[in-house]
Each structure stands twice: as C-alpha cells, then as structure tokens.
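Below: a set of structures, written as structure tokens.
Next come two complexes, and both contain subunit A; in the first it sits with subunit B, in the second with subunit C.
Here is the complex of A and B:
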C-alpha cells in the first residue's frame, strides 16, 4: 500500500511541475511577444488594446472560470479604475504610478460595495452587476459633478501622457494577471474555487469556506479590471465616461473568454487573438462583414462548442494549459 | 457507566414554510457507535442530516456535538470540528481529478498533519483513477469518492446518507465492511438507509422516524417486531 501511495504522489508531483512550467512559459511567451511587437509594429494603440483585452479576459476568467459567476457589468471595475487614476492625477497631480494604486483601490472599493451581489446567481447576478456598473457610470457622468469628475465632458490627463511607459505597465499587469491564473490553476486555493464552482455544498463539506473563496476571487477579478482601467486612462489620456464604462468592453471580454474556453490559461488568450484579430482585420474596413462573421462565429460556438475552442481538445481527454 | 455521547440531538425542529419536516426529533450517538436512521420516504431522515451538518438552520431544539452546541453553525466549520457526511446522490467535483477531489478536502478539512491522500485512495481502491477526472467514474465509484472526500477530513462523526443505494451486492458488502472498520476505529456513524440488510450488517441500533418524528429506538431486531414500526412501514392498521 505505501508503494502505491508513493507512486501516485510522485506522479502527481511530476504532473504539477510540468503543468506549472508549461503554463508559466506560455504566460512569458505572450508577454514577451506583445513587448517585442511594439518594436516591430507601428499601430501601438491596436497592440495596447490587445493587451487590455488579454488582461480583461483573464480577469474575467478568474471570477467566471473559477467560480461560475459571470458579471456582465465587469466594465464597472474597469471604469472605476480609469476614474480612480484620473481623479488622483487631475486633482492631486499625483504621478502615474500613484494613480495606478488609486485605480486599484477604486476597483476594490467598488467590489467590496458590490459584495452582496454574490448572494445572487446566474442571470440575476449578471444583470445586477450590469445595473451596478451603469449606476456608477451615471454618477461619474453626472454634469452636477463636473468639478470632480468632469461629468460627461471627459477628462484630459496630458501631464502624465507616456505611451511607452504606460504600454509596458499594461504588459506588466498582463504578466501579473497571467501568473495569477497560472497560480489559480495549479494551487490548492484555485482547486478550492473550482470545487466551489462545481458544487458549493460539497465544497463546504470539504471544509472550504465558500463565501471567503468567492469573495477573494471577486476582489482579484475586480483588481485586474481596475488596474487595466487605470492603465487605459494613462495610455489614452483623453477619454469620456461613455468610453470608460462602455458595455462593449464587458461584452468583448466575455465573448473572448467564452470563445476560447474558461478556466484555462490558453482559452481566453486564443479568444482574444482570434476574435480581436478578426475585428482588426475586417471589423474596421468592412464592418458589415465583421458583424456577420462575428455573429456567425458566436452562434456556431454556442451550438457546437459551448465550452469554447479548447473543448476540441479537452473533450478528447487532452489537458489544455 | 456509558460514555459521554458525541452527538446529542434534542427536540430538533425544522420547518419549510408550514411543513414541519422535523418535529421534535431526539437521539444520541456515542463514539465508535453506528446508529441507523430508518423510515419511509419523506420521514425527515435526510433533513436531519442536513441540519446536523449545517446545511439547514434548525428552527427549534438543540444539537450538541462533543459537548458544545452546534445548531446553525456553518458547514465548513463543522467539517473542521470533525463532522462530515456523504450524499445520497454523490456530488464530486466533476472538473477535478479524483486525487484533486480528495486533496481539496484533505487541505481544507484540517486532518492531522501528514495525512496521506494517496494512501486513502489506495485504501478505497481509487488509486488507479487518481489522475482521471471524477466525471469519468461510474456511480459506485463516485460514491466511494464521496466517502473518500469525507474521510479525508478525518471526521469523528460521519453522516452517511443512503450510501448503499444503487450498489450491487459485492459493492454493498465492501461498503458495509468499510463503515464497520471506521466505527471500529472510533468514528461515530449515523447511517440513513432503506436497505435493511445493509442496516443490519452495519448498525448497532436504529432510530425509526415517520412524519418528522422519531418513535422507536433500539436494535433492528426489536424494531422489526414492533407493531408501530410495522404499521408505519407497511401503512396498514397493525396496532399492537
């Protein structure tokens, strides 16, 4: 019996090491690749948007892939981060990195305020989170708050405009987010989150604090969106509340995540590279074909691959990083 | 002198709207003892387990475990205190491997330091599936995995909810032996079951429930001779 146990243990340890090495290598390749691209491709804004969606799709992966909560209002944290950054820079003339800390804090505060939403589930949670994001937008865009938020007229942060620094900061956030997902996929905490997602009652009967697990995942997911929102504000420097709270940010992130496959590291990456790639190839030049192609892809996906592209492999018993 | 009961349930009440699923149930359970909880469908057996393990909050009465009141305490805290359960329909974490299912419980359920997940898998003959997704197990194997998950937290009180349902005779016999081994090691077991052969093999005494009330306590042999028990199970007018 001890020999059998030792064999299983050694096998499990070897598999874990291989998984961590592979997952980390993929994360590093993506970050380095996007860093190198900036030097060889001139459309920096497009590359920046790729980085933004790569990070947002993974941030959404943390809450949806690991706990099953799908917040349609995910953009609320992104917008809170953008305005957290902007308010500190505009009013306190703080340096950009202090603004990034404020972006993170703003998203976390909003996440704490919205914690009661985790009592809901399924469509109720999705819609309630969307309503919450819209409520934050309405407050920010209120003309009566022009002195504080600039209301609907938008903010200008030309003092801190630094395209290269902000791009590499966005890459650092992407790298940290990818490592966070690697950790969740290979740690006992991540395992407990997947247990909660699979069956919260059984998870509780395994000693897992369901409320604590969901809360941590929610905060981590919000933190990612807040940081991405902050770096968006920094990189773009001039934007309006409609841009920072644009629901299409949520929708794109969600579609990219689901298209590739949640819970995995590669699924959301594939979703962003393929769908946002298509968007940039045909979406801008011939938007009518883009709409059709996008719609058809999503319909086909829902019909034939509801668990995303990665399920082409996982359905055959192949583990996808 | 009888030992201090590990579990003492007194006048337990659980209501769902106007329906009293538990209507003043009382029993006790000693360390190393196996108590069968039997009764017709809808008599409140599973509700009783759900209340003891913290899934439902009791509406009345008291539950004391190891000398302290635990009524309404959160499930994950009760698991750490030494209470666990199996489910009538097994509820494994389907996206995790068999080993990961047990590993989650062994990590969060506070077993003694050095608890060996792999030795448990080998003991329950789940070792050859260790790296397979739990979704690939058949029903009997998932029930064994459910038991393994519970055992990984090293409970002192195990609530067993219809573990035998759907098992073939060989699996039944193996499962009964496993439960007896656990009891012989000092674990207290509360076994809800419809299969009287299984109850007979596993339990020391039984409590018979009907309509949310317990009305018989004693050995299974005595229960089968009790006219009230016969009336409840057969639905006839067999009064004493």
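Here is the complex of A and C:
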C-alpha cells in the first residue's frame, strides 16, 4: 500500500513540475519576445506601453483574480509610483534605481493606508478605491503644493532619461510579475487565496488566515503597479498628474484582464496582446471609436462571457496555463 | 459668511439629492449600481442645450420632454440588460463593470457626435439677478434649480408612498424573492423604477448647466462619484435618506469652498471613503459590509 501512496505523490509532483515548467516558459517567452522586439521594431514607446499593460494586467490579476477584489482605483498605485520616483529624483537628485525603490515604497505606503478598504465588499470596495485614487490625484495635482509636486504643471526628469535601461527595467518588472503569478497559480498560498475568494468563511474554518492572505495579495498587487508607475515616469520623463492618474489606466487593465480571463497566466496576456494590439492599429487616430468598442465589449463580456476568453476552454475541462 | 455657506449648501444639497436619487432608487430596487448614471445626466444636459439652441425651448419645457423620453429609453435598456445580469453569480459586482461599459459607450458616442467642448445655457433663462434669502444673495437660477429638484424629489415620494405601483416598488425593495412569490410582476416594477431613475438623471442634467456651470461629454465619472457619495452618506437603498445625504453633501461642499477652496474637490472622495469605513450602512442603517 505505501507504494501506491508514494506513486500518487510522485505523480502529483511530476504534474506540478510540468505545470510550473510550462507556465514559466510562457512567462520567459513573453519577456524574451518583448526584449527581442525592441531590437526589431522601431516604435519603442508602443512596445513600452505593451510591457506596462502586460505588467499592470497581471498586477490586477493578483488582487482581482486571486481574491475577488476589483480596485477601480488601481491607477492610484501607478500614479503613486510615478510620483514617488519623480519626487526623489527631482528633489534629492537620486539615481534612477533609487527612484524605483521610492516608487515601490510610495505604492506600498498607499496600500497600507488603504488596507481598511478591504473590509468593504464588492462594489463598495471598487468605488471606494476609485475615490481614493481620485483623492491622491487631487492632492498631488493641487496648485497649493506646486513647490513639492509641481502641482498640475507636470514634472520633467531629463537628468535620468535612459530609454534603453528603463525599457529593460520594465521588462524585468514584467518578468518578476509573471513569475509571481506562476507562483500564485501553483503554490499553497495561491490556492488558499482562491479558497478565500470563493468562500471566506469556509476557508477561515479550514485554518486559512483570511486577513493575512488578502493583505499580502493587496500589497503585492500595489507593489507591481507602483514599480510600473515608477518605470513609466523614468521612461517617459515628462508627464502630468492627469497622465499618471488617468482613470483609463485602470479601465484598460481591467478590460484586458476580464477579456482574457482572470486567475490565469495566459488570460491577461491574451487580453493585452489582442485588445491593445487592436487599439494600436485602429484606436490611436480617433480614440472615441475605440472607447465605444471597449464599452460595448465590456457589456457583452459581462452578459455572455463573464469569465473571459479562456473560459471557452476551461468550461470544457481543459486547463489553461 | 457661515450662514451664507450653509444656505447655499442647502440649495445645492437639494440639487445633489436629485442627482443621487435615481441611482439610489435603482440600487434599492435591483441591488445593482448604475455607473452610467452620470452619463445619463450629461445626456439630459446636452438635450436641454440642444432644445434651447435649436428651438429656443425653456429649460422647464425641456425638463418635461426629457422625463418622457428618458423613461421610454430606460425601459428597453432595463429589459435588454438587467434581467440577464440579475441571474448571474455576483450581480452587484458585475453591474458595476457592465454599466461602466455602457458609460464609456455613451461618452464616446457623445464625443464623436458633438465634440468635447463645454456647453452651457445662459443663467438668465431662470430669472435675472440675485435673490436675497435670509441675508444671503444667491443667483435666481440656483434657487430655481433647487425648487425644481425639490419638486422632483416630492413627486418620487408621492409615487413611492401614494400610488399602487409605488407600494409594489417598495415591496420589491424589501425582498425581491418574496415579491415575486406574492405574484408581483417584479420585472415590470423594476423596469418602471429604472425608467424613473434615468429620467431623474436627465432632469438633473437639464439643470446642471445652471448649478455646475457647464456640460462636457466626460463629466460622467465625476458625477458618479458625487452621486455615490450622496447616496452612501444618506443610506444605500433608502431613497428618502438621499435627501439627508444631499444636504449634508451640499453644506459641506459649500463650507469647503468658503474656507478651503482649493481643496474642495477632495471632499466627495474623502466623504465617501470616510462614510464607507466608519458607518458603511449610512445614516439610517442597512448592512453592506460583509467581508
């Protein structure tokens, strides 16, 4: 009998290893692909935006896909990161990597301040987080703070401008985020998060620490957005608070995530490549056509495919990495 | 200055009650959040502007037209979207995303059709010169808008408490399932409530140029946060609590603008977060916090 048990365990382990290897190679392929593209394709800004949204959609996946909380104000962390980076670079003349650390710290501090929001459920959480992001924007863009944040007039960071270095830093952040999602999908912690999402009472009864799990996921998700915001500030180097706190950053990330399918690794990737790809082909000239298509897509998705593109496969019992 | 701020706050509060009322009615009856509420308000404002600049119609006439048209627009939207939405696993959450999509569509179509410019109506339409109210001089247009809002709120009250359909609506608010079991045509009652809600947003839009200054296609999101703040303060799902929420909101907004004007835009956001965290059930209580 012990042999059977051992075989089953070894079997499970083999399957887990296969899954992790598959997931990791997808992540690696995306990162390497985006790295190679920079040498091949000349529109660097567009590629950079792809990397930004790939990372943001996965960052949102960490909190929405694994815990069910949908922060409409996700852009707040992105903006906090962008300004964390800018303030340190502008006032302390710090090197860019120190700025990145400040970006991470700013997002984490904001996330800790907003921790009480996790006590709210569903729609209340979504709206409250949106209000929080707006509040941070109002503070940073306030003309009264012009000496510190440059208020609504925007910041300029030409000292640290480094398109190549910042692009590869963004790629590194994307890689780390993808690995984080791979880990969540295949680890005990990720499983416990999904258990909390599906039924927090039962999960708590089985000894899962609900508060701890949600807090960690929230902080990780904020950290990703903060780092992406920081690297955005670094790469773009001239921007306004309207850009850093643009609600469409939240919207785009949410739509990409929902379109592809949350809780998976491929879903958000597909969402970004397909939708943001289309956006770059048709959307730039008249953004409103795209805004309309987006709106319609959201409505149809919620009504007919609430679990995203990957649910076409997962509903048939096929595992999607 | 203090009394002035408070009186102006009450005038504004009546208007904000109108802004939030429709949103709260839909939430109370259907347990969904219509995030396109602010965009219907914007459409009401555009309609008033168009009716005035093309036909010279007085805003009051426009308001009556808007009510009829918006109710008729609201009914099909309800039947197309809401019954299917309510069957889903987490309709409250999904409604937020769905109506957000609708809001984006409305904003895009309006921008494509009319451009992103600001539109306004001459305030003299609603009376010339200021009016003195307890020693405070307020533009007549403000008073007029506030009175119109108060009338609309009163009509909703009469509908809910003095008509048969209103009684049925309140029954659905208490429990959708039990109302269904009693034989109430829940879908029809909800559809009418939805139509009324859209019409209320439209009427609020007609007066928006006088109170808020102008109408732009992308004003919806900000209005939504305001409306949500108003109804959360006043108690979600309780249409009459909205009146209290509106007045609290209006008065605090005016106090902020009087004493701390550059930070006034922070107010709806902070008020919303604070109320959600400290007393999420609003002033008249109803539990919303589960997690």
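Here is the rule we go by: the second predicted complex is superposed on the first by the 300 of 321 C-alpha atoms of A that agree within 3 Å, B and C clash if a C-alpha of one lies under 4 Å from a C-alpha of the other, contacts with A are read in each partner's own complex, and residues count from 1 in each chain.
In the analysis below, a contact is a pair of C-beta atoms (placed from the backbone, for glycine too) under 8 Å apart; a residue touches a chain by one contact, two chains touch by 3 or more.
Predicted model only: the values in this text are computed from it and were never measured.
Legend: residue contacts after superposition of the two complexes on their common chain; A:120 is shown touching subunit C, with no touch to subunit B. In the superposed pair of complexes, A:25 makes contact with neither subunit B nor subunit C. Contacts of A:132 after superposition on the shared chain: subunit C is touched, whereas subunit B is not.
When the two complexes are overlaid on their common chain A, residue A:263 makes contact with subunit B while staying clear of subunit C. Once the two complexes are overlaid on the shared chain, A:306 sits against subunit C while remaining clear of subunit B. Of the two partner chains placed by superposition, only subunit B is touched by A:195; subunit C is not. Subunit A is touched at more residues by one of its partners, and among subunit B and subunit C that partner is C.
In the superposition on chain A, contact is made by A:254 with subunit C only, not with subunit B. In the superposed model, A:43 makes contact with neither subunit B nor subunit C. The contact sets of subunit A with subunit B and with subunit C never meet. Within the complex formed with subunit C, the subunit A residues making contact are 70, 72, 116-128, 130-132, 134-135, 138-139, 142-144, 200, 247, 251, 254, 258, 286, 288-289, 291-292, 294-299, 301-303, 306. Within the complex, the subunit A residues that touch subunit B are 1-2, 4-9, 11-12, 15, 188, 191-192, 194-195, 197-199, 201-210, 263.
Contact residues on subunit B toward subunit A in their complex (touch as defined above): 53-55, 74-76, 79-80, 84-85, 87, 91-96, 99-101, 103-105, 107-110, 116-119, 121-123, 127, 130-131, 149-150, 152-153. Those residues of subunit C whose C-beta lies close enough to touch subunit A in the complex are 33, 81, 84-85, 88-90, 92-98, 100-109, 111-112, 221, 225, 228-229, 232, 262-263, 265-266, 268-270, 272-273, 276-277, 280, 288-291.
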